[in-house]
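The structures considered in this document are given below.
Same chain, two partners: subunit A is paired with subunit B first, then with subunit C.
For the complex of A and B:
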C-alpha cells in the first residue's frame, strides 16, 4: 500500500462523514418504536438460551444496580443514535440479549478484542460475560476445549442454524493455501473454518481491524497474505467493527441493535455501522478549536503539548479517521489516544499500519512504502493542505467538545 | 528478505480423531500421552509426556505449532513506529512489547527519558502487572486448584468463617465476608449446574482426587473468580488514565511519554490512586488469602522433593513442578534517572543457578543466544545472538502414525519456539525468578515480602521451587507492586507540583539513526523480555525479540537440555492419565503466552484434541 498522494490525502481529509440522520421526524421514530416494541415482545416469549440465567430478575432485584443500569441504557441509546424516548426499549433489549446466540471464533489475532470485551462497561461485567451475552462458543471463555469445544461449536451452529451472530476476531491468512493457520482435529485451515461456520450464521460481525481489513498480519509485506473477512466471505450480511482493538461499546451496541430491531444497523461503504463510524475523529475532537486556531504541538512535551494543542503535526490522523472514540472514549470513558496527547493512528481505517500509524503528518512519513510512493516533507504540502482544510471544516468547529472534556474531567 | 520466500508445509496434517480418548501409545509399560490444546493460555501449545507404569512423568516435550513473521513486518520501517506494531504481538501483556521496543530505540539513540516519563511508564507497567497477575490467577489458573462443582456442597456460613481465617493469615480483612454473599454465588452456581450446562465452567476435571480444597474453600475461590472480573476492569482503567486506552495503550514515544496533560491534572492522579487503592484491597483481602489457602492445601505436592526433575539428576530440591531451577531476571522498574541500564531496579537483575540462593551471577547480555536445533527454523549450525539472529522458517512436520494421531518428531525439529540459552544453559524466567533473584541478592524490599509470605504460610523457602511456588511468587510480587505504586503516584504528583512538567527528551533523529543498534531488555509480567534492533539510515534492518515464553516454553537445545516447561513436568505423579490436571496445573503456573513466543497472532488450533482439557479462557 503506497503512501497516499496529495490528492487522495485531500479527499480523505475532506470526505463527507456518513452519520446516521438523527432528525427524521416523529413519524419515522414512532414507526420504528412500534416495530422494536413488537420485536421485543416476541423475543420475550422465547426462553433465555439453555443455561443462561434470567438476567432481568437480577436487574430488578437491586435498586442501586437498577439505577446504574438505566444510566448505562440511556448512554447506549444515545450511542446508537436513537432518541432518548427509546431508552426503556434499549433497557428491555439489554436484558434480552441472551436470546440472541453469539458464536465467537478466533483466527490470526492477538486476543486484544476478547480482552476488550471483558472491559465492557455496563451494569456488572461478570453478568455481561456469563449471562447477558449468550456466548455459545468463544475459545477464550468457553469451558469445553478440544473435541468437546468442537462439539459445542457443532451443536451451536446446528441448533441455532440461521440465527446466530458470528463474531470473528483475527485475519484470514490466505497464503500457502491457508496453511499458515489451521484449527481443529482435521487441521482445517482458518479459511475453511470461517467459511463453514459462516454458512449458517444470521450475520457476521468482524471485530477488530485484523478481522475487518487484515490488520497487523496484513501490514506490508503481508507475509501470510492475510485478509479481512469481507474479502473472503461472500453472500452473508457482514458488519465491520474495526479499531485496534474494537471498542467494546460498539460490540455490545451491534448486538443490542440486532436484538432491538432484528436487523443489522445502517452501514457505511466499508460495512461499518454508521452509529459508530459515522463520525470523523477530527470533527468531535476536544482539541479541534486549536486545530482551527492553527495551534499545534510541534514536538512531544513542548509548550503546545502542555496546553492541549492540536496533534496534527505530530501525526494525528483524526482528520482521516472515522470512529466514535472522540465521543465515547475507552475504558468507561476514562481516556482516549488524543486525550493522552498521542493522537489518532487511524486504527479503524483499512491499511492503517502502512498509511497512518506513524508520528509524523501525512507525506512527511518516513514509512515503508513497498510499492514506492511519495516521501515528501510536511511543509511541501501538509501545511498547504492544513490551511485549506482548516478553512473548509472550521464552520463546525466543535467548541462544545472541549467543554465536554472539561465536564467529564470533573466527573472523574 | 529470505523470510518472504520461505514456505511452510502444512503443520497440522492430522486425521480427525474418532473418539474422545487419549492417544496413549504404550511401550514397555510406558505411556506416551499428548495434551493438545493446553487451554486457559494465550496462544497454542502442545505438551507430549511419557508416563511410566506408576503414572509418573519421565519425559516431556513442549511445542508450539504456528508461525507468523513479525520480524519481517518490522524490517524497513522507521524505528519510532515499531513500538505500536510490536505491541500487537499480544493483546494480553498489552503495553509491554510496546515499551521494550521503544527502549531498544532509546538505547540505540542513547536517549535518557525525563523523570516524569520514567514514573509514568512504571505506573503503566505496574498497572499491567496487577491486572495481568490477577487475571492469570483467577481466570486462567484458579480452576487447577478450585473444584467449582464441589463448591455447590459448601455451607455458606462456614465459608464466611473460612474466608476470615485465610484473610487473617494474610494479615488483612476478607474482601468478601458476608454469608449472604457466598450464598448468592452458590445459588447462582447451583442454578447453572441444574440447568445442565455449566457455561464457562463446563467439562472440567471436577471430582479429580488431586483437587484438595474443601467445599467451603472452593466456594471462596468461585466467589473471588467472579468478583475478579469486575476488579480487572478497574485495573485496566488505571492503564488507560496515562495510556489512553487498554488494551493497547498509546502514550509511549521514543524519548518519553505524551500524556503531559494527564499528569498535570490532579483529578487524574487522584483517580489513579483511588483505583489502585481499591485494587489493592482485593489483592490483600482475596488474592493473597487464596494463595495462602491453596499453598497450604497443596503443600504436600509443593514440598515433595522426590517428584522433581532434580531428583532424576541425583538430589531432589523443591517440590512438584520445580524444573530446572535456573532463574534469570533482566531487572526492571527503574527507580532513578541515571539511565536505563544504570538505574537501580525495583526487581534487580541477576541469575540464580540450580536453586542455590547463596550465589547470584550478573547478567551479561552478550551471553544470550538462540538455538534452533529442535525448532522449525533454518540455522547456521550454532546458537546466535539476537542482533545477528534470523527467523527463517523450516518446517519439517509431525509424525503421523497409524493410530490416527500425529506425534512430535522429538528427535529432530518439533516446535516453532526457538531455544534461548544463557551462556549455553537453559533458564526459567517470570515473577518467581524475579523474587528468587531479588531474595538471593539480598534486596531489602523483596526479601521482606518473601520472608513475610513464608512466615505467614509456615512453609520452607524450598516451597518456592515448585508449581505452587511459581504461583506464590506471582502473588508476592503483585502485593509488592500494589504497595510500591502508591509511592510512585505520590512521587509523580510531587514532582509535577514542584514545577517539573517535562515528559520528553529531544534528539535529532537524522543524526542518531544513521548506524546504530539497541536493546530493550527488561521484565514483562511473564518474565525477562528483550527486543533487539539494528538501525541503518533511519530504518530497521534487523529485529528480533526473545519473549518470556520463549525461555520457558522452548524445546531442547542441540545438547538435549530440557526447556523449563519440559523439566518442570518431570517427576510429577498423575492421578488419572485421562485427566492431566497436574500437567496443566504446572504449565499454567508459568502463565504461558505462546502467541508471543512464536510471534504469531493467536492460533489456538485444536488439531489433536486428545484430552478433555478443561475450561478454555485464554485471556
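For the complex of A and C:
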C-alpha cells in the first residue's frame, strides 16, 4: 500500500499520543446534553427492532433491581468521561440499545471476543445490554447455517442499509489473494466478505486485537499476511477496541456513546476511544506502590509473588500499555490479569505478540520478533557495537604505540 | 612551559562546567536508565515497603539528570550559534575549507599521526562534526525521553501547571510514529514501545560515542604532545609557537 509522501509527513507531525481532555467546560457539556436529549427523544419514537427483548424485563428476569442498574449507569457515565448530570441520559440510552442494529462478523480469530461478551459468572448489566442490542447477525450465535445464514445476512444489510454498526472480530488474511480464510457456501474470502458488509455500514467497530492491529494472526512471521480492519477498509468511520479479548464494558461504552450522541467517541491516533485507552494501566495499577518501592516478583511463586509484589521483572508491560482494565477490570470488576498475578502482556497495543507478550523480564526476551527480539537485540546490538568500537580502538592504539610518530620524535 | 610552545584557550569556564555536568548526568542517566529498563539489583524483601522507594528514586534520579541535560542542551544550542568565544556551526557547514580540514584530521588519525597538515590550535572540523553527532543523539534522547515521561502526567496536570504536559505532547508526540518507522512497524501501527526501544538503542550509541571520544582525546594528547586532555580541565592547551 503506497502512502502519499506528503500525507505521511503531515500525519507524522500531527500524530497524537494519548492526550485526554477530561473537562471541556460547562458550555460544551450543556450543548452536548441538549444534543443527546434530542437524539434520545428521536430514538424513542422508533419501535424496537425485530421485537427485541425489553431491557427492564430482562433485568428483572436476571434478579437485578433498579438500584443495581442506576449504579451501573453512574459508573458508565464516569467511564465515558461525562459529568454526573448525564447519568439519566445514559440510563435512557441503555434502554434504547435495542433500536440500533448490529451486524457482527468473524474472521481470523478464536471467537474470544464473542466468548467474552456471552460468558460470565452470571449475566451482569453489560452482558444484558449486549443481549438486547439488535444483533442482526453473528456467525457464532446463529442457528442458521450455509445459504440460510447468508440469506439472513443479506436481509440485514438490505433492511438496515447505512444504519447498522458493523462489529468485526478477527484479522483479515491478505496473503494468497485472501485464500487463507473463506466463509460461507460460496467460499467468499474474508477480505471480500468484510468489504461487502462494510460498504453499507454506518460505522465499523473492530473488537479485539486481531481485528484492530492483526493481533496473533499477524505475529511474526505472519504467514497469512494478516492485517487489521483499519488497514483494509477505507472511507468508513472505524473505532478500534483492542485487547485480547476486548472488554465488554468498552464495547457497551462505544455502542452507548453512539446511541447517546449519534457519533463515535473521541479517538486516539490508533483509533481507540480515549475514554477507555487514554491512560496507561500502570498508573492505576494496584501493585504500583511495589513498583516504586523496587519490590518485584523475581520468579513465579516466590515470596514476592505471595506478597503481591510488582510483576515488572517477570515481564509485565503495564508501563507501556494503554487500557482501562486496571480501573474497570473484567467481568464487571471481578478481576484482571495483574490482579491474578500475571503480568500485563500489552494485549491492547499494536504488534503486542511480538513486542509485549513475551512474559519475561524485558532484557531476556529471546523470542523471534520482527526486530529479532526487541530489548534483547537492542542490548546485544549495543554491546556488539561497543565491542566493535573497542576492537577498533585497540587496533588503532596498538598500531599507534608500535608505529605512531610523536611530534617530538619527528623533530629528532 | 616547554620552550617554543604557547598556551591557547579552547574551553571557557562555562563550557567546562557544562562538559562536566554532562559527564555526571550521563553516568547517572545510564545507571538509573538500565535499572528502569530491567531492575538489576534487588531490594530486601524483609524491609517494609515504606522504607524503600528504589524504583522511584531511580526514576527520580533519571528524570532529574534528564532535565539538567535538557537545560544544558538548550544552553549548548544557544552557544552553538551565538557564543562570543567560538561558534561551532561555522565548522559544521560543508565549506571547502571545512571539508579539507575534516579529511586532513581524519587522515592524521588513520595514518597514526604520520601526516598532520592542519592547524591544531583551534577546534577542528572533524571534532566539531563528531560533537554534532552527539548533539543529535542527545536531542533524540531528549525528545523520546520526554514522550515516555509525559504519560506519567496522565491527568494533564503537573506541579507546574497544565501547560507543561500540553507542551510535551505538542513537541514529542511525533516521536511515536517516527520511532515506529525506525523500528520498521507498519504505518499507523507504532506504539509507545517503539519509542522505548529507540530510546534504549540511542543509549548504546551514546555509550559508543563516549568511548571513542575519550580514546581520541587521550590519543591526541599522547601523539600530538600539545596537552589536549587539559582542555577539559584547565580550558587551555599548548601549540608550537610558529615564530620560535
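The rule is short, and it goes like this: the second predicted complex is superposed on the first by the 326 of 412 C-alpha atoms of A that agree within 3 Å, B and C clash if a C-alpha of one lies under 4 Å from a C-alpha of the other, contacts with A are read in each partner's own complex, and residues count from 1 in each chain.
In the analysis below, a residue touches a chain if its C-beta (ideal position, glycine included) is under 8 Å from a C-beta of that chain, and two chains touch if they have at least 3 such contacts.
The model shown is predicted, which means the values in this text are computed figures rather than measured ones.
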item	value
Partner chain in contact with A:199 - subunit B first, subunit C second, else both or neither	neither
Which superposed partner A:291 touches (first subunit B, second subunit C, both, neither)	second
Which superposed partner A:279 touches (first subunit B, second subunit C, both, neither)	second
First (subunit B), second (subunit C), both or neither touched by A:66	neither
Partner chain in contact with A:21 - subunit B first, subunit C second, else both or neither	second
Which of subunit B and subunit C A:236 touches, first, second, both or neither	neither
In the complex with subunit A, residue positions of subunit B that touch it	1, 3-4, 7-17, 20, 36-37, 39, 42, 66-69, 72-73, 76-78, 80-81, 84-85, 88-92, 94, 114, 188, 191-192, 195-204, 226-227, 229-230, 232-233, 236-237, 239-251, 253, 255-256, 258-262, 264-265, 267-268, 271, 501-504, 506, 538-539, 595, 600-619
Of all residues in subunit A, those that touch subunit B in their complex	50-53, 106-116, 118-121, 124-126, 129-130, 139-150, 170-171, 176, 179-187, 210, 215-217, 219-221, 223-224, 244-245, 299-302, 305-306, 308, 329-332, 334-337, 339-342, 345, 353, 357-359, 365-368, 409-410, 412
Subunit A residues touching subunit C - in the complex, by the definition given at the top	1, 3, 8, 11-13, 15-22, 213, 228, 230-231, 269-270, 278-280, 283, 289-296, 298, 303-304, 307, 312-313, 317, 320, 322, 346, 349-351, 355-356, 361-364, 370-371, 374-375, 378-379, 381-383, 385-386, 389-390, 393, 396-397, 399-400, 403-408
Contacting residues of subunit C [partner subunit A, same complex]	37-39, 42-43, 45, 49, 52-56, 58-59, 109, 112-114, 116, 147, 150-152, 154-156, 166, 169, 173-174, 176-178, 181, 183-194, 196-197, 200-201, 203-205, 207-208, 211-212, 215, 219, 222-226, 240
